[in-house]
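What follows is subunit A paired twice: with subunit B in the first complex and subunit C in the second.
== the complex of A and B ==
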């Protein structure tokens, strides 16, 4: 019996598959497996300690729908996206366009804007928490100096969510700028030159060349940014550490609530149900964004 | 030289034989607790002492990070594994009893009558169906920490005894800057810290309201007097403005502010003594929680960690585990626990020991134990949230204290109903 000789290309592909298979196994074991088991858990009354974990169908989902705290967490999470994404996109694109115009110190500015993104999140959240402090924070110091009324920021349910969103926008801005810059660089100069020959300038160049050709980058940025906001946890937990989720749940997010349900109150069934809801929401919103926003252009 | 060698050989032989002999009847039991440096060190020492006194019993001491403790225990339970003796927060015990993981303490070794005679009253919380399921070595209570330097500077001669005196002291130590910002709090408020316990077990009771029915099934604090007690607390923030929530950010911000000399007084547990002692620069002291009137009813909140016997301890291991449990809850160990961990003894006798009660720092906590109650929580974090939210409804949303308290009671009743629906018998 002789082993049939494989062509070199086939052998190489086999090797590649073999190596790809290992991380795939790992992925199945630590990502997909638990994800499916959490779907299973969501259909059971699953107290962390209790030995009896009866099947309860959709009861956990019904409980969540009637739980005002979960509803508020869901509404808050959507608000984070609605506030955060437009601001983040506008600022990111504006800074990227400005950076593209300068030649000196471009690298320095890019590095400076990128720095928050590589700062440890927990440390940054604690610093921001102090910046918002009514008694000791520099923001209120400025307000006091110019004679404006002091603001409670994180201590007020009406302001807290925006205060946290601002921190996240700051944190991810550099990342968005770098992505936008790469997208802008990829637009061939000849389109601009041709348009200028035809007498177009300023806004019209931006509107008819930059925006359409930047579309794939924009779609990626919106989708990525949205997922970041939908999965918000660390920043919220650390910026409102004493009363987790802010005064009267003003900053509470779905993921933080999942943590509280599962690991502080041991109600794994409801926590798993909430993650299932979040999973469907993220999937739905992402598909919708890709469908609505993607506009392939060909010049 | 030869003699020395021979003697050593004989000695080694004897020791080996003795070891084999002991090995024949060796029982190994396992003890679990969460990681807390001073507790881990003490228990390691105690295990050595216990093993020396009880040849033939070997104790394996294992510990896990606090945050992972419940998950670790839960996975051990569902896998049918785990320790013979386990350390649990008193509030979790109902859940563990219910899951069938704990066995009742045998009445021969731990008679309920003796327990109630020998242990501080709050330990009764660990009795279900007429049986005890776990016992503590140490307990914790609340007291008022004060910054002696700030009180002296405000010309206050002695720490407050009544809540009126407390308010005066708080007002006089509160400092604001030109812009109206608080720079020193008179009272370091923290509803999510210990203040929700203060409201529940101290203020309500001193205003003549029992927070819950005797069987723990009904919320009973939403009365006119309850609302008055609650208003007294929220007034500290919204009327007298002697403190703000999150003055220093973070979960222990009130304690950090106190240690930084930025809070005149805080209500905190005996477990805070260690960090306050290590981190406070100003002169400070501890006094019993104030009362409503001079000579009025004292009240306090207590909590504790217990050691329970799991269903894994059977046969010879059960006997060994019972011995170890007796040892862990003995007065001798309780004394060491106070000295080395800083947690208060659970024995009535030690609590009444005049020498301990006279201790400048631990004394007020120890005296507080005599009248401390441990709330029967069914879902501690959710029940805490209800009261924290009620305080915020008043101080942030300007709701009336009465309305906020009524709403809180309705929410907390729902949590209790949910629990009792599933656990018909306590």
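== the complex of A and C ==
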């Protein structure tokens, strides 16, 4: 009795590993292996052209810490997060709350706000560049019509980062709205009804029911948004393609700098070290999310 | 009837009108770049910078020029090939792995699942350097395989499918076993049809993700003929000078098919975001 059963189990295990063979090979060779090899490269002086690649310990990390461009890229990336996340979330939540209020055309509005999220961002970047153009862009045309001074937008080190951030907020707004709508719909109606019976309304309902019960969604939104903003590359590169990283590196991000270090200057060691820093940042945020979200929600 | 209903709506929420107005104003802002793109693409070259909202002499000449004078059709084809093959591969392997991890008992199952899940934490940026070194060593630079290989499977898809496969009743699979269905048949003919909606969502996101992918294709592609659409458009100014009419026409040609697909699959895509977003 037990012998055929064991055989059956062995047979199934064999099948399982047969099915998993190619995928396991993939995850080991294309994901885990390269991740470790990236850490290995970060500890070596690894110039693609020179044949000798000596071990240098943490020297690449020290070089990065002293490299003003990397420091600026890191500071810029944090600025993108600090500017982008609050604006993106506030707008997303506001639109989601408005959508909850209306009965008709909800699906249509939701779809329209969501369009930029599925759009090839490289193509959208060209249009945004034109909209920001100092001499022939529609935005400055509007400013001129209402009698305000023309703005350089992408050509000004002080403004460029915000101009790029606006485009990224435009891109991700629809995603935030959809996530917030799902979160809002999950809040049981009875809490609002009970509070209304107690005489609460408007702002107090929002402050004492919506916000606390929406907390898991808010955390998810912050974490997802932060990870997206930490990895900014495509939008930043394409908004100022001829002048990567913008005027005085005003829009430069960590990933864009990794690209320049690794694939334009072929300093793979330093580039890999920069990605290791990024990895630690993303890992930290993910672990933080798991800790915050694993706390049970109390209704 | 109609006026009665309107009165009822008004009474329920006096601010609904304001909500509609605010939402509509927001929509105009969100949709303006799309409008500007298409309107500009329809303008003849000498009217490009007149900033009129509606083209006075609309023409399809810019589109014709992009399609005949540039490599746009070739890039479009490249993107189609890359996105289709990666989507088929992800759909097959991710659903197979998700099925095996959810429905088969074998030693090492938990470890393999955690290992695949752990790869979700690795950002792509960390991998492109080793991928590039690997690709130069094996001669994969500037080939379809080189563009595609990193995207042939996705840990996120495994995670998603495994969740849904857990919901497939074991009795169904056991009944299949009694009927003599092969182990592969159990996955392919019995389990897979049960999770079609999740699989459809995964396919849509994989296709969109690969259609819009930029960082790795930019690194691995070296010749103009191998460019995918995003890389081609990014480097377009080198191809067409700074002809904004051609840039706008090619951008519109890249965006419109995606939007058309979005209009058709809108419901699945947005529900898919909710589904996948909340599960991750």
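Keep this in mind: the second predicted complex is superposed on the first by the 261 of 299 C-alpha atoms of A that agree within 3 Å, B and C clash if a C-alpha of one lies under 4 Å from a C-alpha of the other, contacts with A are read in each partner's own complex, and residues count from 1 in each chain.
Basically, contacts are C-beta pairs under 8 Å (C-beta built on N, C-alpha and C of every residue); 3 or more make two chains touch, one makes a residue touch a chain.
This structure is a prediction, so every number in the text was calculated from the model and none was measured.
S.K.: Of subunit B and subunit C, which one contacts the greater number of residues in subunit A?
M.R.: On the superposition, C touches more of the residues of subunit A.
S.K.: Determine, under the contact definition given at the top, whether A:111 touches first (subunit B), second (subunit C), both, or neither.
M.R.: A:111 contacts subunit C only, not subunit B.
S.K.: For A:162 in the superposed arrangement: first (subunit B), second (subunit C), both or neither?
M.R.: It touches nothing on subunit B or subunit C.
S.K.: What is the contact status of A:266 with respect to subunit B (first) and subunit C (second): first, second, both, or neither?
M.R.: It touches subunit B, and subunit C stays clear.
S.K.: In the overlay, answer first, second, both or neither for which of subunit B and subunit C A:191 touches.
M.R.: neither
S.K.: Can you give me the overlap between the subunit B contact set and the subunit C contact set on subunit A?
M.R.: Looking at subunit A, the two contact sets intersect at 48, 126, 130, 136, 241-242, 263.
S.K.: Note which residues of subunit C are touching subunit A in the complex, please.
M.R.: Against subunit A, subunit C makes touches at 9, 13, 15-16, 19-20, 22-23, 26-27, 30-31, 33-34, 36-37, 40, 49, 51, 93, 96-97, 99-100, 104-107, 109, 112, 115-116, 118-119, 121-134, 149-150, 152-153, 155, 158, 183-184, 187, 208, 211-212, 214-215, 218-219, 229-231, 233-234, 236-237, 244, 247-248, 250-252, 254-255, 258-259, 262-263, 266-267, 269-270, 273-274, 277-278.
S.K.: What part of subunit A is in contact with subunit C in the complex they form?
M.R.: Those in contact with subunit C are residues 9, 12-13, 15-17, 19-20, 22-24, 26-27, 30-35, 37-38, 41, 48, 95, 98-99, 101-103, 105, 107, 109-116, 118-128, 130-131, 136, 138, 141, 170, 173-175, 178-179, 181-182, 220, 224, 231, 233-234, 237-238, 241-242, 255, 258-259, 262-263, 268, 271-272, 275-276, 278-279, 282-283, 286.
S.K.: With touch defined as at the start, can you tell me which subunit A residues reach subunit B in the complex?
M.R.: For this pair, the touching residues of subunit A are 47-51, 126, 129-130, 133-136, 140, 144, 150, 152, 154-157, 239, 241-243, 247-249, 260, 263-266.
S.K.: Mind pulling up the subunit B residues that touch subunit A in the complex?
M.R.: 67, 70-71, 73-74, 77-78, 92, 95-96, 98-101, 179-183, 190-193, 244-251, 253, 379, 381-382, 388-389, 392-393, 396-397
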